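Labels for the chains are A, B, C and D, by order of writing; each one numbers its residues from 1.
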Amino acid sequence: MNRPTDDLGIRSDTSRAIAFSDAVFAIIITLLVLDLRVPDVPPGRLLSGLLEQWPGYVAYLASYAYVAIVWLNHKSAFNRIKESDRGLHWVNLFVLFTTALLPFPTAVVSDALQKHDQQDQRVAVAFYALIGALLCASWLAFFHYLARRKDLLREEVSERHFPAERVRALVGVILYVAAGLIGYLVAPLAGLAIFVVLPVFYAVTSAGLYQVPLTRRMARRPPTSGS
Amino acid sequence: MNRPTDDLGIRSDTSRAIAFSDAVFAIIITLLVLDLRVPDVPPGRLLSGLLEQWPGYVAYLASYAYVAIVWLNHKSAFNRIKESDRGLHWVNLFVLFTTALLPFPTAVVSDALQKHDQQDQRVAVAFYALIGALLCASWLAFFHYLARRKDLLREEVSERHFPAERVRALVGVILYVAAGLIGYLVAPLAGLAIFVVLPVFYAVTSAGLYQVPLTRRMARRPPTSGS
Amino acid sequence: MNRPTDDLGIRSDTSRAIAFSDAVFAIIITLLVLDLRVPDVPPGRLLSGLLEQWPGYVAYLASYAYVAIVWLNHKSAFNRIKESDRGLHWVNLFVLFTTALLPFPTAVVSDALQKHDQQDQRVAVAFYALIGALLCASWLAFFHYLARRKDLLREEVSERHFPAERVRALVGVILYVAAGLIGYLVAPLAGLAIFVVLPVFYAVTSAGLYQVPLTRRMARRPPTSGS
Amino acid sequence: MNRPTDDLGIRSDTSRAIAFSDAVFAIIITLLVLDLRVPDVPPGRLLSGLLEQWPGYVAYLASYAYVAIVWLNHKSAFNRIKESDRGLHWVNLFVLFTTALLPFPTAVVSDALQKHDQQDQRVAVAFYALIGALLCASWLAFFHYLARRKDLLREEVSERHFPAERVRALVGVILYVAAGLIGYLVAPLAGLAIFVVLPVFYAVTSAGLYQVPLTRRMARRPPTSGS
């Protein structure tokens, strides 16, 4: 009687969390283009102006691929989640927070690499790596939460799935820190190159690293229809 | 016969209102990053330029957390709503309106605290508090509408839920006004600090203040899977 | 056999058209805030800078209310639609096109009214009225299409609904043209005031003008729960 | 036992891919308006300032129509898809990537045509054509993937549908390259005119080129209700 509320806010299905997250990822991945600007060059120099912006295109590509991987990860994780609670909402909002930051270091890297100060370029690449590592750290928190909350997961989810994902997130933290150190200590462009490669590496391993029996299963469903 | 219309526009399920609101919240929370800009500094000064923008990061954090709380509140409220009508649409659009304003005072506070005019800083913090209080006031209107429209709610919703939520919204108005006064009369940075803390306070109380039996219920569902 | 395709692209349910439209409306209504900028004033003048931007706030309010009405109209129309076809997609995309334009004349009006050239203010208000009228004209096309395609509508939709809506859209075109003429020939601020009032007028009439039996029906469902 | 994961990430229904894509398309189509700016003209010159921006309006129209066609294509394709896998996600993300680029060449064309350097105008139109062709190429990859993966499609989909769509995408690549060549070698404005016409051509042919029996089928469902 002295309970003025009810059960409705405590557990809920994940549909709104998914819709909200999808919209956030969609906006982030699309906002990146706002940093590709008409080059501010004298008349007749548009072509070289466009070409000289190449670090902006590379940074755009790296961040686009990163957000795409984040979305695929998110989709794959929520496919395994049955119900969400407040704690899951907050770790999810932490993932969205770090992902939403990404356009900022992307702009910083793009800008620094189009100017010619080595020290600023080192700082910019290190800054991008910092946010990249923070994003992996938010996934670590997300997977860690789920590894301990089997009651939120669908029954058929393997007990070892989220602990294994946790390892992948931790490797991501380490790789971004390493890329930042290489970019800062060795050469900024080397760091940028790693930022482009890392999502590709992730895309490949996410479907292959610990999913050995996958090939066998795929073989049962022929990828090209022979009929 | 002289009725050229039908029932279809009067009552409706809430799915489109929810989808629209989710998209609006997602855009607001993501647009905030557009105010984090590449610092406009001379060559070699990027690091200090990034560090000197710290009030922008704090303002970003405060507004991100605020919109996150608004989304959680919205989700929790609509979980209890069965049907929507024109009146509910308008109070919902009022909530979206005040939330959509938030990037504006966020940019004003961020800008003023990076410059060094005390009077402008006081004004900026008071302005943020004003919009923050207006946002709580829109929730007050929203909860007040629902407190009087039991016919729109799901059957299992406690009669005391939305009246109690109304109190929470009113406390929010008071707290933002207080933060504005402290920021204006005492110290702008104190106001900013309160803006960061307020959403945290709300996040905690929303699941704890008047939900005493919650702990008991949670105890029945072990948070960590022992199996 | 020489038919390399199938029926699947011709008729379809409306869910994706609704989801896409909701997202477009959500983005438009939220993008409006990007035109509220930190005032560019000397130190110590932030308060007066914020106050002097009042035409921007009024223009924001007018456009926010306009998009809100468009969304409510859209929701109300699609509640009556069973299936969509290519033609409906195109009239829908025309509505989205004119609505998506709205932030542009909003920025033009806001900017002109903060400067002090009478001629520019007249032009700006006339321009806003032109886009406002075009938006109503796109609804006219939308309702006209549906008035002739009963096969796309749900069975219970009154035959007179969409013809009646067509009249409302036509009245909207006339009212925006009239507001533009008043703003251009009499006083820009009078035009701006009408832009704020028009959505309010529409919100009221949409639920009241030709829905006389509505009150009776509502009376059967008490708006405040007496239990 | 040494399989720490499960089937859940490999195949999935398409609802999230659709929701994410819809949001991305909605954002792209709406972001285009951000490039329509208040003209920077001396007092009293707003009208001519607005008129002189006409290339911006034409570029906006071309890109709006292009994204609209992309969305219609996407909807039509996913109506035929039963399940998605990693490969489909990646070709879909490639389509989203090239579409998300579109606001950038739109801004470049709009800017160059408002200035008066012929060489820059040629470059800008060629650049737009390049991205336009790349977008068609991403559709080519998308349709090519589906043409080989009948197991992902709904049963009733004709075997010849996606191979035929592939041809349409290839024609698109050729047409954009041709438009770029005409714009670069003959006259930039001719290229711009083609950019506006191309989506119209696509809209018409997509429902008519190889769907000969369509008219017959439509005849069975009268477009205007005679009742």
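The rule we apply is simple: a residue touches a chain if its C-beta (ideal position, glycine included) is under 8 Å from a C-beta of that chain, and two chains touch if they have at least 3 such contacts.
Note that this is a predicted model, so its numbers are computed, not measured.
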Cα superposition of subunit B on its sequence copy subunit C - rotation in ° rounded to nearest 5: 90
Interface sides of subunit A and subunit B: same vs different residues, half threshold: different
Subunit A-subunit D separation of Cα centroids, rounded to whole Å: 26
Centre distance in Å when subunit A and subunit C are each reduced to the mean of their C-alpha atoms: 36
Residues of subunit A engaged with two or more neighbouring chains: 19, 23, 26-27, 31, 34
Interface residues, subunit A side, partner subunit B - complex: 2-10, 12, 16, 19-20, 23-24, 26-28, 31, 34, 86, 89-90, 93, 96-97, 100-101, 103-104, 107-108, 111-112, 115-117, 119-120, 123-124, 127, 148-151
Subunit C-facing residues of subunit D, complex: 18-19, 22-23, 25-27, 29-34, 36-38, 43-47, 50, 64, 68, 71-72, 75-76, 79-80, 154, 156-158, 160-161, 163-164, 203, 207, 210-214, 217-218, 221-225, 227
